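My questions will all concern the structure given below.
For clarity, chains are labelled A, B, C and D in written order, and residue numbers in each chain start from 1.
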Amino acid sequence: MSIRVGIIGISGYGGGEAMRLVAGHPSFELVYAAGEGSAGSRLVDRFPGAPAKLADLVIEKWDPTALPRLDVLFASLPTGASADALARVPKDVKIVDIGGDHRWVEGWTYGLADVWPAQIKGKTRVANPGCFPAATLTALAPLLADKLIEPGNIVVDVKTGVSGAGRGGGNSKFGYAEVNEDLAPYGLLKHAHMPEIAKTIERLSGEGSAGGLVFTPHLVPMTRGILATIYCRGRATTEQCFDAAKRFYGGRAFVRVSDKPPHTKWATGSNFAFVSYAADPDRNLVIAMGVVDNLGKGAAGQAVQNANLICGLPETAGLDGAPVWP
Amino acid sequence: MSIRVGIIGISGYGGGEAMRLVAGHPSFELVYAAGEGSAGSRLVDRFPGAPAKLADLVIEKWDPTALPRLDVLFASLPTGASADALARVPKDVKIVDIGGDHRWVEGWTYGLADVWPAQIKGKTRVANPGCFPAATLTALAPLLADKLIEPGNIVVDVKTGVSGAGRGGGNSKFGYAEVNEDLAPYGLLKHAHMPEIAKTIERLSGEGSAGGLVFTPHLVPMTRGILATIYCRGRATTEQCFDAAKRFYGGRAFVRVSDKPPHTKWATGSNFAFVSYAADPDRNLVIAMGVVDNLGKGAAGQAVQNANLICGLPETAGLDGAPVWP
Amino acid sequence: MSIRVGIIGISGYGGGEAMRLVAGHPSFELVYAAGEGSAGSRLVDRFPGAPAKLADLVIEKWDPTALPRLDVLFASLPTGASADALARVPKDVKIVDIGGDHRWVEGWTYGLADVWPAQIKGKTRVANPGCFPAATLTALAPLLADKLIEPGNIVVDVKTGVSGAGRGGGNSKFGYAEVNEDLAPYGLLKHAHMPEIAKTIERLSGEGSAGGLVFTPHLVPMTRGILATIYCRGRATTEQCFDAAKRFYGGRAFVRVSDKPPHTKWATGSNFAFVSYAADPDRNLVIAMGVVDNLGKGAAGQAVQNANLICGLPETAGLDGAPVWP
Amino acid sequence: MSIRVGIIGISGYGGGEAMRLVAGHPSFELVYAAGEGSAGSRLVDRFPGAPAKLADLVIEKWDPTALPRLDVLFASLPTGASADALARVPKDVKIVDIGGDHRWVEGWTYGLADVWPAQIKGKTRVANPGCFPAATLTALAPLLADKLIEPGNIVVDVKTGVSGAGRGGGNSKFGYAEVNEDLAPYGLLKHAHMPEIAKTIERLSGEGSAGGLVFTPHLVPMTRGILATIYCRGRATTEQCFDAAKRFYGGRAFVRVSDKPPHTKWATGSNFAFVSYAADPDRNLVIAMGVVDNLGKGAAGQAVQNANLICGLPETAGLDGAPVWP
């Protein structure tokens, strides 16, 4: 029997990717889609390549009081918008919030699915990690678990493709003519994802303060992909880092430990995360690297993985497509 | 029972895409892969995101006398290389040649799958159309079938992403620094795909000569995608063109008739072709447009579709993934 | 003594390029800049790489009644905006209108500078050609002058970078995430530049009707550059076309006749146009190709060339910089 | 009287940019060009947009015993090739080596022109800094001079466009299809530019050891541009960092201190460096950012600046062009 799925925010890039993954999922059936700008149009008007079975589904204006029967709801709304939007969703509808409002919030489970799958199983309110945290924390988790690095002294230099800025933009600073052949840092010392990362580092390390966290995002001229290059202090060897990661992720489907520095293109269109390490004990230095597709593991891919865990399905259901390369 | 599949030329972009599609196919099992530069390495070394079940498959040096038992073989070799390479493949192995050597050649069926599916069913030697012909002919077929345009007076202006040039290149003219922010025509009046297109136009129109065919390819700074903008002479209205296309492709899974000019990104990663039309009878003008992913419908996607037809499977098996967007 | 120059529309891409060229001009001095969104800010706030001598110039709100003493005014406004904006500019201020409102309009000279320099000299109101016409007409002019092609039967397939859409946009359809890895035609059978091209073809050919003109623009994922691939009917040989072009542009500084198909990158940042030809008399076919930088020869470069002609300066003053490559 | 200039390595991207800058220089005259693959062809065959006055200059095979009379020679050769190539150049020919062989080598002056102009004046053998060091050291110099950061504890995360890899490549890993939509780190813990940066940090700080230096380059899908994001330890405030930079570069032409995080596109085609800072004394953290065009300030631009200093010309001669934007 199929699981009835809805998506809010289907007009955006994250919502669109959720649509693609749900459409290819063996147990999910998309029965409801809500959007802002696109309300009233059919899915195929918005996504000319929408699967035939979904082509004529009409996108609704969001109204939590007039939902069809749903088992799972994916919410892909701008930060600040989902707290209100989801408040009145019936309790028996399971929610995965791809947006930023419910991370480490009372009543919600933080859905870092490759790290804490057991805690997510059977939950009904799961907050998907942000795209930067997904890349960063997946790389750091094994090092923190094995206490190979100092949790209070971590410098995260992340680089992201432009789809991470969302679709609403329409600002010329995200326009092709200006982003192409350009690269810049932004949000120095105050990016919105910092507290989420700091909080999770504390949980992963079991230690009190990640107050020394430094986090600098950069906008890169590409559509998809995130790379986190993470500079840590620790006396571990490269081999110890790899051993820790291989143990930590042994048997896990979506994290690949790569002996070469990872490329963002390796993950495009998939739910994979690639992690790698380089260390120099003489310099008290460990470099961790994490790569994800910001719309895959960084958004809709991890959301489907969380929904699988919630629903008691195999974790990989609907997520076993290989990346699109090149 | 699964169908045992092999791929030759797996190091290239077309071969890699075939691997991705075969891996996700419900009835195919990849049991053999051959490559040139990559022989001896495992699939996962070459494709870091290869599915777990294929990760350890070792890429072989091609030897047609030492094949495992195969039902279907996909060949993705440079033009000129497949005639020899495939000559000694056992007769009971069905072949789809993605390369250029067997198109409209005696003993081979021309695999324009959306147009001539019945002729392909049950065949054992199928020559996949070239990427430019796939985009061009899919758009033209309904117009030629309905005699809405003059078959001897067609100007094809095609634009392709860079992966169409293959991977062997390594020439700085395909290097990022020079292709980026650049655009140029090439192969004027003599591109290798011209005879294939001319021949197929003759078959589609049932008329003798497509000698007036003009075909100009352009290299565009993108990885995937082909757009053919085709200028024809005819007195049809726009509506007649759309009607012809909707009738011609009614019930067909992979060709979408779009009332808006098609975008290459609509097809990325999929086996879709998008066609559209604009006509001005007063000027004796019909413009046909066709879009494909050059590695999808233009290569591996259509090859899998042909293999489905050959094997008596549903035409859409393994090909129902939605395009990756954006 | 320097020539006092003003620019309206300096916030846009065309206006910005005019600023760059004026700044490097040996006889021009930028004394006035007006913009919409940027009014009130200094040039260096808008262009972090503005030359030191211009850095502190404050961008004004446009007011034609409160202009400083100006010799030349460049107007780079959206189509529809310059007719009004320029109506009250004092008669003794020479104007080059980069925008679309005054092309082939009474009282204005059409500034196709490489073709009709003598007619532009000493004029005070010059309408710069559009970017598509600049690429198209420069390639066609020698063929029309020598009557090598039929003026009433011309198919223009043009491809443009995204900066041609201007900066105001802010529409997600010009956003990086959607334009990147995408390509599409637009404005079929009705693009705004068609009448301008048709009119100029008539002038160049001395014949009445270019009613058969077909013009199809395409948006290409690059910031700068236009390529026009033009399909004509005629019995000329390739050699005759090249001869015509070499004669026509002999001694002219900015048009280069290339024996290889031209690349848009050859022109980036310069006022060059590159033209080339391929013909097949047996098929009654002549293909002409023209390449420009849409912000150079397609906008600000040609505008400065026109201003040089107006002011009696050497045509190449301030325009002799080589293209930026790669 | 003009200064007679030669360029070796004109086929490469750095040599080509040197050609462009020399061509636009008021006192330099290019009289000699040598190249490998391009020997025997004219400059215009290699650079279709070469200035008219240089178009017919024939590129020679390098032979230091058969040079014409030269005042200045620019060498833009791969690392490892210039030591030999330049050994027999006559002593009275001044050399700026853009390549890597003579940096901090006896008999050569290290040409960090914005920092040490006085030491470069009148020298005859100058080693141009590498492109990564140019971006990194320009940002760090004021902080080191004012002892605002610890010189032995610096993490440099640099991101570069693809032209930095040079043109010889032809490797598919620099091919468009693979670099586009991709991003990856490389050369971890052992990049060739590390010793040069460490050495210069020691000189700038007057302290013995930069042994704690961490340096990680990343390949970004763009043609030109370098951004260095540099994580330092120190108790300075953001304001102190900006004050230091404004004092250090006060009156200097090519370094701009930006209060916003710098974009690589701001520098494209120019000799500018943009630097910016963000500090948090509570976390003992100073972030320095430096942006250059890798072919401008990172190669040919700085080389011309060095040649100006050598020849006693104004430092900005031939370098006052504004960046090309967008």
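Just so it is clear, contacts are C-beta pairs under 8 Å (C-beta built on N, C-alpha and C of every residue); 3 or more make two chains touch, one makes a residue touch a chain.
Just so we're on the same page, UniProt names per chain: A, B, C, D = N-acetyl-gamma-glutamyl-phosphate reductase.
Since the structure is predicted, the reported quantities are computational estimates derived from the model, not experimental observations.
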Both-way neighbours, i.e. chains that touch subunit B and touch subunit A
C, D
Considering only mean CA positions as chain centres, point out the chain farthest from subunit A.
C
Report which of A-D and A-C is connected by more C-beta pairs in contact.
A-D
Please report how many Å separate the Cα centroid of subunit A from that of subunit C, as a whole number.
45
Inter-chain centre distance, subunit A versus subunit D - centres from mean C-alpha coordinates, in Å
38
Per-residue multi-chain contacts in subunit A, two or more chains:
13, 161, 163, 177, 180-181, 221-224, 262-263, 268, 326
Residue set of subunit D touching subunit B in the complex reads 13, 161-163, 165, 167-172, 174-177, 179-181, 221-223
For subunit B, which residues count as touching subunit C in their complex?
155, 157, 159, 161, 177-178, 180-186, 188-189, 211-212, 214, 216, 218, 220-225, 227, 229, 231, 261-265, 268, 278, 280, 283, 285, 287, 289, 326
Given the complex with subunit D, which residues does subunit C contribute to the contact?
13, 16, 19-20, 23-24, 47-52, 163, 180-181, 223-224, 253, 256, 258, 262-263, 266-270, 272, 274, 320-326
